[in-house]
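I've put the structures underneath this note.
The following pair of complexes shares a single chain, subunit A, combined with subunit B in the former and subunit C in the latter.
And now, the complex of A and B:
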């Protein structure tokens, strides 16, 4: 077993705005090995992108703060939770060396992710020159190699982004993200803005490149099809928490959390003829006002009275398969949680 | 590209004709007689009449207009000034470089101050430095130019005697007029830079640049500023075009012998050839600046250039199909 390249431990992220504190990510933990792909699935506003931006150190300033937890890159913590300006600045400087070099990110919308007034090749060469001490000519050569690698002719080095289609732009973005051979690649809904045939091409490309470079890939998506296509394991995120975590077989063949089940129910089936697509009733809890009990209780079809009392922990129901639900808690834990609640020491 | 430039230059002809049309109509309906200032209001009627005949003022306005156009087109002659009897073109050519220099310097100085100011304000939004510079910008925009000019003259020329109060002999003489024209532009440009930059730094490609591990200030200047430049260039072009017609107030206050002051004097004396000549010059320089601004757009933003190319391509293809 190889070492974890990326390890996120108990990550808590808040957005502090004038209207209050939004608890965007609450206690998220997962790990990634080299060459492994993990899917981070959840609906809009669940905190998927916030997790990604935390890893990149690119949380929107000044609102976003990592309140607690650790993000380990090759075993080294890259999170600075202190608000001390000097410490923050030191961390920024360190993150700058990592970004684009050890951790890269592919953003959702390739249409706007590229600088419109700069030739695409130059944008790729920029990241290469930033992290490698090579001459400009060599950087150009590397950039052209990267373009060819993602299937775009190197002759188009000095073309501008508007001269490419959406799928080609996403290829450029992928080339840019992989140019320095990063250890971890985060893809934030890389195919959402593309049409289906291009989606398949881009996913194929990413899978091939991932294998070639042995990069760990964190795939953020709300498309379960994409997860099935490319991921080794999967975490289902709801209201800033992981509610189910396991291998792709665990999640797809044996989903246990009511939310995961509801998500699969919502996927239209080819062989069933339905008039209306299934949906999950209700809305996700407001991150400004999260309940102290199970966050999914209001929308859950399997909830019981105890769900309104207890905030369930992640429980391992089979090796490597974790579920955050009262119904899967061990009896001893249930008793302890109720006792804890009664004794006034919540959580 | 060349075709485009030629086309734009040809478009200047109707613009100038239109300007002249308006000037002739205005000169016709403006009360006051140039002859009064030339020979005196109390001169005997025969003298006045002779003068009027000599200047051709007895012809109807459309005849004068036609004569003027013919003279301009055939002899490149803008006529002679009523007051000095010198060719207007010659008089303007002496003054135009002065106005040009004054305008360019004041805009250059304004840009050098305002763009960094606007950038810092946008990046450090709502910080004390943003508040301070935006307060200064508001001050710059809203302060009456003539008041600022007079106050600087009072303080720096009369009291402190650092700069001369009038004339532009030597470098020191330029400081106050340049500052006076510049102050309003500093505010103007700084505010546009800030708002344009604020929009740009929220764009995805700025986040992409940060995700590369690029230094923050390089992200801002290299990836941000160029994208924010279009509205700034548009505004600078406008201001430049208008100021070239003569920074009338500054030239008058500091007795700078520029186009603005020349035209103001000409208007007061109903010296129509000088007014007309000045306005032709203004129309030409304004059109040229607008052309330069449009060319600069294309240089800044490759999307505009290809849009233009695509349009041409469609046109030529359509012609080919028709043929």
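And now, the complex of A and C:
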């Protein structure tokens, strides 16, 4: 078994605003090996993008803070939880070297992710020059190679972004992200802004390049189709927590958490004629005011009284398949959790 | 089915054939230029400016006389073939003085604006980039200075530093710096929110690089527009100050000081006032027309 390239351990991220503290990510852990792809699925506001930005070290300032946890890149921690200015700055400087070189990110909207006043080729060459000590001519050569690799003729090196279509821009963005052969690539809804045929092309391209460069890919999406298409494993995120985690087979063939089941229910089927699309009633809990019990309780069809008491931990129900739900907790844990809860009240 | 071949397509093909062999270029700057030259008023302003600049460069060839060639027997001659703009109370040829005046007003106006934008640019972009406390401190200081009317402040600075071109330039550029820093701060704040700034951070660009390569070039549109208008204002300020005898002193043929020295002659020789006044007006008008066109050409919303 190969080493984990990226490991996120018990990540907790808060946004501290004047109206209160939003608990955006609560205790998220996962790991990625080289060449592996993980899908991070969840509805809007579940904290997917916050996880990605934490890994990049690009949490919006001054509100975003990593409160706890570790992010290990090749076994080395890249998170600075201390509020100490000097330590923060040192970490910032280190992150700047890593960004674009070891970890890259593809943003959601290719239309606006490119600098409109710089030719696209030059933008790719710039990443290369930022992280490698090579001459301008060599960087240009590399940039043209990258463009050819994503299926855009190198002749278009000096074209400006406004002369490209959305799909082509996304290709350029991918070329930029992969130009320095990063260990980890984070794609934040890379296909959401594209139409379906272009989506397929871009996914194909990403799959091919991932294999070629042996890059670990973290795919953030709310499209289960995309996950099925490209991912090896998948984490379902709800209210800043992973509620179900497992291989793609686990999640798609044997979804266990009520939320995951409801998500699959919401995907319209090709064989059946339906008048109304299925939805999950209710809204996600306000991250400013998360309940102390199971966060999905209010919308859950399978909830019982105990769900309002206990915040269930992730429980392994088969090797590599974890579910965060009361119904899957071991009996001993249930008893311990109830006891712990009782102790808390007494205090 | 045969492909349609419309006259419009033929026209484009002809253009392409003409451009063959040359490098194809369609940068945002070039697009803006195309829009600019389609605007007739802006082109008119541009032509006037070019003429004024040429006049300034070749002043010694164009002017028939020197700037301070006093011929007392020719005092206060109305415009004639010999002196097309007449002569002033010392018998100097007004046309020659007007021509040499372009060498004063244009460069001083330009240099003042460049300096104001340099000072204001550094302050404004640092404030906008860092935000938070830095932004607050810088901009509140700018607010304090902005509470003094720029002309009054320029007069104050010039009066305390004494006369002289250098002091004048310093006075005008310092007094307009707060307003310019606001323009640049606003322009960068708008650009800063764009996704490509975030992706610049995501590729590991340093803050200086983000500012110089990503933010400033994208914010250049509003900045350039403000720049043109500011040159016009600076020229007016130079003239206003010369009129009250600050900064540039006679016999230097500054248009404002020419106005000032002929104000007593309004009844006997009004033409001594007309020409410097008209020149100031034309210059400022040309700059404003050009600036207007520039704003339209550079504003992507008007595309």
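As a working rule, the second predicted complex is superposed on the first by the 344 of 347 C-alpha atoms of A that agree within 3 Å, B and C clash if a C-alpha of one lies under 4 Å from a C-alpha of the other, contacts with A are read in each partner's own complex, and residues count from 1 in each chain.
Keep this in mind: contacts are C-beta pairs under 8 Å (C-beta built on N, C-alpha and C of every residue); 3 or more make two chains touch, one makes a residue touch a chain.
Predicted model, so just to flag it, every value in this text is computed and none were measured.
In this superposed model built on subunit A, subunit B and subunit C take up the same space, so to speak, and clash. By the touch criterion defined above, A:280 reaches neither subunit B nor subunit C.
Of the two partner chains, neither subunit B nor subunit C is touched by A:79.
Once the two complexes are overlaid on the shared chain, A:125 sits clear of subunit B and of subunit C alike. In the superposed model, A:8 makes contact with neither subunit B nor subunit C.
Of the two partner chains, subunit B and subunit C are each touched by A:104. 56, 58, 96-101, 104-105, 107, 109, 112-118, 126-127, 130-131, 160, 162-163, 173, 176 are the residues of subunit A that lie in the contact sets of both subunit B and subunit C, per the superposition on chain A.
Listed in rising order, the residues of subunit B touching subunit A in the complex are 203-205, 207-215, 223, 226-227, 300-303, 306. Interface residues of subunit C facing subunit A in the complex, by the touch rule stated above, are 25-29, 132, 194-196, 198-206, 209, 213-214, 217-218, 220.
Chain contact summary for the complex, subunit A toward subunit B: residues 56, 58, 95-101, 104-105, 107, 109, 112-118, 123, 126-127, 130-131, 160, 162-163, 173, 176.
Of all the residues in subunit A, the ones that touch subunit C in their complex are 56, 58, 62, 96-101, 104-105, 107, 109, 112-119, 126-127, 130-131, 158-160, 162-163, 173, 176.
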